[in-house]
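Order of writing sets the chain letters: A, B, C and D. Residues in each chain are counted from 1.
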Amino acid sequence: MIPMTGKHTWAIPEGYIPRESTGPEPELISHESLCVLNTTDEDATLEITVYFTDSDPIGPYETEVPANRTRHFRFNEFEDPEPVPKGEPFASVIESDIPVVCQHTRLDS
Amino acid sequence: MIPMTGKHTWAIPEGYIPRESTGPEPELISHESLCVLNTTDEDATLEITVYFTDSDPIGPYETEVPANRTRHFRFNEFEDPEPVPKGEPFASVIESDIPVVCQHTRLDS
Amino acid sequence: MIPMTGKHTWAIPEGYIPRESTGPEPELISHESLCVLNTTDEDATLEITVYFTDSDPIGPYETEVPANRTRHFRFNEFEDPEPVPKGEPFASVIESDIPVVCQHTRLDS
Amino acid sequence: MIPMTGKHTWAIPEGYIPRESTGPEPELISHESLCVLNTTDEDATLEITVYFTDSDPIGPYETEVPANRTRHFRFNEFEDPEPVPKGEPFASVIESDIPVVCQHTRLDS
């Protein structure tokens, strides 16, 4: 789906982490993943910034994708500088010091 | 999924707002969103034009995505110059005075 | 999702029309659509060629998208030169005399 | 969805083959396909390399897409040099000696 052109910067306008369900009707659970592939021989350091509708961006979340590895992140696993708020739309920008390939996937169940 | 290349114009050939269900069998509900990310320091003004199969385009719908913000729109929230007709296929073109990144998502339930 | 760059040729590697169900267990129904948007002031004539795993391509299927219109096609509506076979994977190439924007969508239910 | 630009190399950051279910609750089954279209008059030889989170890449898996044909692969059908491990995220890179068009699709059921 994606020509093999590693890039330093990627944007994902779509993002949403559902609020936890507290009642008898479980809220739709959306498993959004950020899949990153680093086919180079150098470890990549990523800085992820998250944008919102009504407030300033949060970030950067720093993480790493080692050389010749892939990592599939969930946005609700990011904790530092603070968890991504649940129940509100967000977007994200991924910046990497090494060219990587990013894919955003959503699995609704 | 989308290299970080803000653009002034985006096209979405797919679009459909289901008619409201009136009978015992609820019609499939499709939640289509238009996610727009503005990572610049200037507010973006958007003009959205909607195309149909058998009639002239409607629009522009005018809306805004402030600097360093994201907005996730639903096509059934657009009211002016007139609501987007339900139950018929449409396509859309988004024009922005500031380069933005757009993503069209569909969640069927 | 798609920068506004009309093109004369599009490729869709994915395609599948399920066989009709004959038993009590309905086969998964896949609604694949080919959405085409023509934002120009000229009618576009499309030629669609369908590729298979074990046999020669079929086509072209000829159809049209008028100026300033969108059309959402289903592959099982193409009849001439022959219906697209059900129950086997296919791919397609869309060629247009006018630059159009294409999107392939799949709704599984 | 994909402009008709055959390429020699494609990357798919997303990939996952579920473990087989052994209990009463069947695990979610994900049917991921790699759809490849070869519209040229020459047979294409593909080499597919699969990347992981914590271990070295596996491959290349060699396969072929004949001239004017499409093939839709499932990652769990690749056997040589070894099956793709189940139950862990992977990514893949497809290299072809002839320009092809690739699309990665996921059907969750």
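In the analysis below, a residue touches a chain if its C-beta (ideal position, glycine included) is under 8 Å from a C-beta of that chain, and two chains touch if they have at least 3 such contacts.
As the structure is a prediction and not an experimental result, all values here were calculated from the model.
Q: Over half of the interface residue numbers used by both chain A and chain D, so same, or under half, so different?
A: Mostly different residues: under half of the interface numbers shared.
Q: So what's the Cα centroid distance for chain A and chain D, whole Å?
A: 23
Q: As a quick test, compute the distance in whole Å between the mean CA positions of chain A and chain C.
A: That pair's centroid distance is 32 Å.
Q: Using the touch rule from the top of the page, what residues of chain B touch 2 or more other chains?
A: 2, 102-103
Q: Indicate which of the five shapes (line, ring, star, complete, other) describes how the chains touch one another.
A: Here the contact pattern is a ring, one closed loop where every chain has two partners.
Q: Given the complex with chain D, which residues does chain A contribute to the contact?
A: The contact residues of chain A facing chain D are 1-4, 6, 33, 35-37, 39, 68-72, 101-103, 105, 107, 109.
Q: Considering the complex alone, what residue numbers of chain B touch chain C?
A: By the definition above, chain B touches chain C via 2, 5, 7, 9-16, 28, 51-54, 56-57, 89-91, 93, 102-104, 106, 108.
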